[in-house]
Amino acid sequence: MTKDQVLILEQQGNISHLMLNRPEKRNALNDDLVAALDAFFADVPEQTRAIVISGTGGHFSSGLDLSQHVARQPLDVMAHSRNWHRVMARIAHSPVPVVAAMSGAVMGGGLEFAAACHVRVAEETVRFQMPEGLRGIFVGGGGSVRISRLIGTDRLTEMMLTGRTYSGVEGERLGLAHHLVPEGQAVEKAVELAGRIARNSRTINGFIIQAIAQIGSMPPEAGLYAESLTAALSQTGPDAEEGLKAFLEKRPPNFG
Amino acid sequence: MTKDQVLILEQQGNISHLMLNRPEKRNALNDDLVAALDAFFADVPEQTRAIVISGTGGHFSSGLDLSQHVARQPLDVMAHSRNWHRVMARIAHSPVPVVAAMSGAVMGGGLEFAAACHVRVAEETVRFQMPEGLRGIFVGGGGSVRISRLIGTDRLTEMMLTGRTYSGVEGERLGLAHHLVPEGQAVEKAVELAGRIARNSRTINGFIIQAIAQIGSMPPEAGLYAESLTAALSQTGPDAEEGLKAFLEKRPPNFG
Amino acid sequence: MTKDQVLILEQQGNISHLMLNRPEKRNALNDDLVAALDAFFADVPEQTRAIVISGTGGHFSSGLDLSQHVARQPLDVMAHSRNWHRVMARIAHSPVPVVAAMSGAVMGGGLEFAAACHVRVAEETVRFQMPEGLRGIFVGGGGSVRISRLIGTDRLTEMMLTGRTYSGVEGERLGLAHHLVPEGQAVEKAVELAGRIARNSRTINGFIIQAIAQIGSMPPEAGLYAESLTAALSQTGPDAEEGLKAFLEKRPPNFG
Amino acid sequence: MTKDQVLILEQQGNISHLMLNRPEKRNALNDDLVAALDAFFADVPEQTRAIVISGTGGHFSSGLDLSQHVARQPLDVMAHSRNWHRVMARIAHSPVPVVAAMSGAVMGGGLEFAAACHVRVAEETVRFQMPEGLRGIFVGGGGSVRISRLIGTDRLTEMMLTGRTYSGVEGERLGLAHHLVPEGQAVEKAVELAGRIARNSRTINGFIIQAIAQIGSMPPEAGLYAESLTAALSQTGPDAEEGLKAFLEKRPPNFG
Amino acid sequence: MTKDQVLILEQQGNISHLMLNRPEKRNALNDDLVAALDAFFADVPEQTRAIVISGTGGHFSSGLDLSQHVARQPLDVMAHSRNWHRVMARIAHSPVPVVAAMSGAVMGGGLEFAAACHVRVAEETVRFQMPEGLRGIFVGGGGSVRISRLIGTDRLTEMMLTGRTYSGVEGERLGLAHHLVPEGQAVEKAVELAGRIARNSRTINGFIIQAIAQIGSMPPEAGLYAESLTAALSQTGPDAEEGLKAFLEKRPPNFG
Amino acid sequence: MTKDQVLILEQQGNISHLMLNRPEKRNALNDDLVAALDAFFADVPEQTRAIVISGTGGHFSSGLDLSQHVARQPLDVMAHSRNWHRVMARIAHSPVPVVAAMSGAVMGGGLEFAAACHVRVAEETVRFQMPEGLRGIFVGGGGSVRISRLIGTDRLTEMMLTGRTYSGVEGERLGLAHHLVPEGQAVEKAVELAGRIARNSRTINGFIIQAIAQIGSMPPEAGLYAESLTAALSQTGPDAEEGLKAFLEKRPPNFG
C-alpha cells in the first residue's frame, strides 16, 4: 500500500498496524475508508496476532463524513447505517484483538469506531465528542449500543443533548479509554500492548473477545452456564496444554 | 403561581424552571408535590424546549416525606409506589429534556427523582444518600432501576446496606451527576445547559432521550437495528433538512 | 476451629469473621477451601447479622490453585466450574451481608470470590489482576458475570487480554472496591462496616442484597413492578413497624 | 350513552359491557373510538369487577380506519402509533380483567386490540387477519409485541407476508382465542366468563393480570423471585383471609 | 421404602420410579413430600439414567396442601415459596432426565411440579387446573415462570382468572403434555420413554436438559454462541467417540 | 447450473427456486451445499422478490452430513458450527422472504435450516426429527435457538431426549409448518405463496422479516417503541404512497 490510500497497513511481525489516512479531513470516515476497513477485516493476514489502529495527521477520526451524507432519503440512511453495523461487527468480532491508538479528535463515528475496538489508548489531549445531536441527526454507527456499553446510556444521553467534549483524562476515568498517555505517545503504547496480547494463545484471545461480550448480554444464570462451557472448551487443544505445562515449569508459555 | 405553592414555575423564554418549594422540609416529596409534578408534566407549556428543576432553601430534596408514610398497609404501599413510578415515568419520558440542579440534600426519593432527569448538575457540597435501609424499608420510587442504571446494582446495594453519604465530587465521578460546580452555582449552570439543549431540534432531543434509553434495554443486535431505524427516521421532516443545510453552509442551524 | 484449618472462623458477637488461611499459597482457593466456604454458608450461625472475610498473611487470595488444576479433562473442568458457581451463589445469596476485607493479591479466582461479596474494602496496595488469559485459560469462577457487573465487559476484556494490574486506588475508582483504606486497615474498616450493617433489620438487609440484584437483571418496566412488590412486602412484620416508630420518635431503631 | 356514540357502555351489575359501535365501518378504530376507549379505561366505574368488549353489527373490528390514515408524515405516524400504545397499555393494565367477545372481522388493529385483552372468546366464523403488509405498511398498534406473545414471531411473520386468514377454529388452536363458540354466542360466553372472574378477589385478579405478564418479560431466576414476592403479598389484607377461611370452611369465598 | 412413606422409590435397573404416596389427599404436596423429593434429588442413585414420577391412587397431584398453608405471615409465605423454588430447581437441573406420568388431578402446585419435569405423559382423562386465583392467592411454586414457558403468559393468565380445567387431550395440544395415552397407561408409557432416554449418553442427556433451557433465556445471538460452545464440548470424551463410531459402523451406540 | 450441482437454481420470473440436489444422501447438508447456499444468499438476483427452497428426490434434507463430521476436534466443531450460523443468518436476513417446501425427511440440520426460512409448507407425510441426541451430539446449526422459537424449549428438549418423530400434520399444529398439503404438493403451494409475497412491496417485506424478529427479542416496552419507529419509517418512499393510494382507489397496489 502507498500513502495515497485512505487506509495504510504496516505489518510489523505478527502485528498489523492500520492507519486511517485522510489527514485533510481529520480522518473522517467516508465510504471508501469504511470499505477499506471491511476488506482488511474480511481477510486478516494469517500471521497477525493483534491489530493496532491509529490516524495520521494528529487525529484518530472526526467521524462520519457528513459531506457524503447530504440529501439521503430515510431508507438510504437505514441502509448506510446497517452497512456501518456490518463493518463495525467485523472489527468487534475480529479473529484477533484490536487496539485503538487515539489522538486529537475522536468524535461521532470516530468514537463509535473506537468503541468497537477491544483496547483503547488515549492521549491526554484527545477530545471525545458526540456532536450528532447538535446537527439534528441521531447516531447510526453503533454508538447507542457500543458507547452505552462503555459509559452507560445516561452519560451518552447527556453527551448528545449538550454536545459536550470530554478530554482524554476524563475519558479514561469514564471508560472511553483503558490507558492514558501524554500527547504523541498513543501509537507507541498501543504497539506495546499489542505485543503483549500477541504473546497470548490465539485461541484464548478469541474466547476473551467473543465470550465475555456474549456473556454480557445474557441473564446472570445463563451467563454463568456459558462461562463454564467456555472454561471447559478453553482446556481443549495444544495451547491449553502448553499454558498449563509452562505454569508448572515456571516459565512463560510459548503458544507458537 | 405564588410562593405558597409546593411547586413554583418560572417560565424563562423557552425554558421552564420548576422549583420544589417546601424548604422547611428540605423539599421532602409529599403527595401534593408529586401531584404538582404530575400535573406539570402532563401538560408541558407549548413553547418550552427544556426544563430545569431545583429546590428552594439550599436543598434539592430530602426524599419521600415519611411523616405521610406511617402505618400504611402493604397494598397501599404498593399503590403509592406505583403512583411514583407513573409520575417519574412522565418526567423520564418528558417531551423535552429535564435538567436537575442539585444542591444540599439529594437523598432517598430525592435521588430517585433526580435519576429520572436527563442531565444532572451537582454542587460540590451535595450529599447523596439512600437512607431507606437504615429505617427498615426498601426503595419504592424507581431507585432500584434508575439509580442502578447510573452506578450499577453493586454500588447501590452497598449504599443501602451502609447508609453512606457521597459528596457532589464523588457523585460526579460515579455517575450521579454529569457536571460539578461550586456551592450555589447549580441553577446557573443548569440554566446554561438548558439553553444549549433548547437550541437543538425538538425532534432530535426527543429521539435522544427516548431512543437511547430504549435501546439500552435491548439485546445488542436488536439495539443496533433500532438505532438504524431511529437514524433513518431522524432524517425525516424539516428539522433534519435545516440541520444538514446549516452544516453545509457552515452556520449554526436554526430549528425554530 | 484451629489455625491448622484452611478457613478460620472468629465469631465476634453478631459478626462472623472468616479468614482464608493458606498464607504459604497466598490463600489460593483449593478444593478444601471452597468446600469449607460451602459448609459455612450452608449453615450460617443463627446469631450472625453480617460476615467479614479476609485473608491471613497479607493477601486476600491469589485465585484458583492451579497446581490442582493440571491435566483435567474438559468435562471435569466444566464440573469444577459449576461447583464454584454453586458455592459463589451461596455467598452472593447469603442470608446476611458479606464484607470482603481485601489486602495484597486479589487475583483471578480471588477477585471472582470478592465480586460475590456485597461490600468490598480495599487497601491502597491491593493488586487486582485477572491473569488467566496469560496462562491460556478462561475464567470459570463466575468472573465473566460478576466482575463484568462491577466494571463492565469492556474493562474486563482489556484486563484479561493484557493481564494488567490495577492498584487498590484504581480499583476503588472503577468499582472493584467501595472503600479505600491505607495498608493494614482493611479488616478494621470491614468490621466497622459490618457492625453498621448488623444494626439494620435482618429482613431489610435480605431484601437489599437479593432484590436489587434480581431487579438488575430485569427489563426496566418489570424491574419497577418488582420494586413495588418489594417495597410493599418490606412494610410487613415487626421490623417495619419498629423502623417507622423509631423514625417518628426520632430515635435509632432497635431491630433486635 | 346512546346509539349515536362510537362506544356504547352497558353496565350490568358489576360488569361493564362496552360495544364498539361503528357497524357501517365494521367497527374500524378511528381516532374518536380510540379516544372513547381511553376515556373509559382512565376512569373505570368503581363497582366494575370485569369488562366485556364486543362489536355491534356482527364484527369485532376491521382494524385501523385507513381512511383517516392517508398522507401522514412519518413523524405523525410515529405519534399516532405511540398514542395507540398508550391506550392499549391502559387496557392491558386495566384495574379489572377485560374479556373480548370476537365475531366476524378481527383484523389488523382489531386483532392488536383484542390481543391487549385478558380473555378472548371467538365465534367459529371469526376471520383473523393481519392485512397491513398487503397494503404496504407495518403494524403500529402493538401487534408486533402482543400478537407475537400469543402465536410467536414466526407465525406473525408468515401472517403478514401472505395476508392469510385464520378462522375462529384455527385461532383458538393457535392462541388467538381461549374459548370457541358457535356464531352469535360470543357475547353470552364472554359475559358468563366475566361473571366468573368478577367473583374472584379484585386484589388477586389485579395480581394475575399484572404479575404474570411482568414475570413473563423477566429472566427465569428473576421471575421466580418476583413470583415469591407476589405470592407473599397476595396473602396480605382481608381478601386473602376470606379466601383461606372459605377454603377451610369448604364454602365459596365471598370477596365483597 | 415402604407404603407408609409419602414418597416411594422403586429402582428398576437404571430407572428410578418415584411415586407420590398421599392418595387420601390426591397427593397434595405437603412439606414432608417436598422434603422427600429434595432428599432424593440431592442424591440420585449412581446407576440411575432416567427418573419416572407418578402418583398413587389415580391422581398425579392436587397441588399445594392448603391445610398446611393457613394463617401464614407474608414473609413466611415468601420463605415457603423460595423453598419450593429450590426443590423444583433441583428437579429441573436433575443430573438425569425426569419423566412425569400424569393421571387424574394435575392441579396448582401439581402442575407447577410437572412443569419442572423434562418429559410429560398425560392420560386423556387428566384434569389440568390452576385454581389458586379462585381461592384468592397467587402461585408460588414456580408456575408463573415454568407453566408460562409451556403455554405462554397469556393462556396462564386466562387459566388463573377463570379457573378453567383443560383435559389431557387439550393439554397435549397446548404443550402441558408431550404424549397422550388412554386412562391407566401413563406409567407404562413413561417407563418406556425413560428406557429410551436411558440408552442415550448420560453426558448428552445432561447437555440437552441444561443447555436448551439456558439458551432459551438468552438473546438469539448469544444463544447461538452458547450453542456452538455446547456442540464443541459435546464432542469431548469417550461418549462422543462411541456415538460417532457407532454411526459409521451403522450400529446402535453403547454408552455404557 | 446443471443437474450435477448440489444446489440447482431455477429462476421463474421474480421468484428464485433453489433445489437441494443430493438425492442419494436425502439432501444431507455437506460443506459444498452449505457453501452453495452461502454464495446464493450473498448475491440474490436483482429481480428476485421471493425464494422457494425444496429438495430433490422426495426429501427436504436429512440434516448435517455426519460422514464429513467424523473425528473433528472440539475447536473445529466450534468453527464448523459458527460457519453454519453465519450461513443460516444470511438466509434468515435474506433481502427477500424465503419459503421452504418440505417433503420426506426434515431432520436435524435439515430442520434447523427450515427454521431459518420465513414460510414453511409441509406435506402430510413429512417426518420431523432431531436425532442428534441419540447419536451422542448436541445441535450446532442454530436449532437450539430457531427451533425453540417455533415450538418452545420444552418441546425441543423432549424431541431431543426421546428422538421422536412428528408427522407433517403434527408439525403444522406445533408450529414447525404454516401450511399443510398432501404428499407431492409442497412445491406447488410454496410457489403460489411466493407469488403472493412477491406482489407485496419489497420494502415492507423487508421490514416484516427483519423487524418482527428483532422486536421479538426486545423487552415489551422497547419492542413497542421499535414498532412505532418501523411503522413510521414504512410510510416513507414511493411504495408507501402507492399502497395508500391503491387502498383509497380500491384497487390492488402495484409496487413495481
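Note that the chains take the letters A, B, C, D, E and F in the order they are written out, and that residue 1 is the start of every chain.
One rule holds for everything that comes next: a contact is a pair of C-beta atoms (placed from the backbone, for glycine too) under 8 Å apart; a residue touches a chain by one contact, two chains touch by 3 or more.
Since the model is a prediction, treat every value here as computed from it, not as a measurement.
Peer 1: Going by the contact rule set out at the top, which chains touch both chain D and chain E?
Peer 2: Joint contacts, listed by label: A, B, C, F.
Peer 1: Where the contacts of chain B and chain C overlap, which chains show up?
Peer 2: Output, common partners of chain B and chain C: A, D, E, F.
Peer 1: Could you work out which pair in C-F, A-D or B-C copies the interface of D-E, where over half of the contact pairs coincide by residue number?
Peer 2: B-C
Peer 1: Let me have the rounded angstrom distance from the C-alpha centre of chain B over to the C-alpha centre of chain E, please.
Peer 2: Here chain B and chain E have centroids separated by 47 Å.
Peer 1: When the centre of a chain is set as the mean of its C-alpha atoms, what distance in Å lies between chain C and chain E?
Peer 2: 34
Peer 1: Counting only residues that touch at least 2 other chains, which ones in chain C make the list?
Peer 2: Those would be 73-75, 78, 149, 173, 203, 211, 215, 217, 219-222, 226, 229-230, 232-233, 236.
Peer 1: In graph terms, nodes being chains and edges touches, is this line, ring, star, complete or other?
Peer 2: Drawn as a graph, the chains make a fully connected set, so complete.
Peer 1: Any idea which chain C residues touch chain E in the complex?
Peer 2: Where chain C meets chain E, its residues are 73-75, 78, 203, 233, 236-237.
Peer 1: Which stretch or stretches of chain F touch chain D in the complex?
Peer 2: Chain F reaches chain D through residues 97, 118-119, 149-150, 173, 175, 178, 193, 196-197, 200-201, 203-205, 207-209, 211-213, 215-216, 219-220, 223-224, 226-236, 239-240, 242-244, 246-248, 253, 255.
Peer 1: In their complex, what parts of chain E are in touch with chain A?
Peer 2: Contacts found on chain E: 210-211, 214-215, 217-219, 221-222, 225-226, 229-230, 232-233, 236.
Peer 1: Where on chain D is chain F touching in the complex?
Peer 2: Going through chain D, the ones touching chain F are 66-67, 69-75, 77-78, 81-82, 85, 133-140, 142-145, 148-149, 152-158, 160-163, 173, 217.
Peer 1: Considering the complex alone, what residue numbers of chain A touch chain D?
Peer 2: My answer: residues 74, 219-222.
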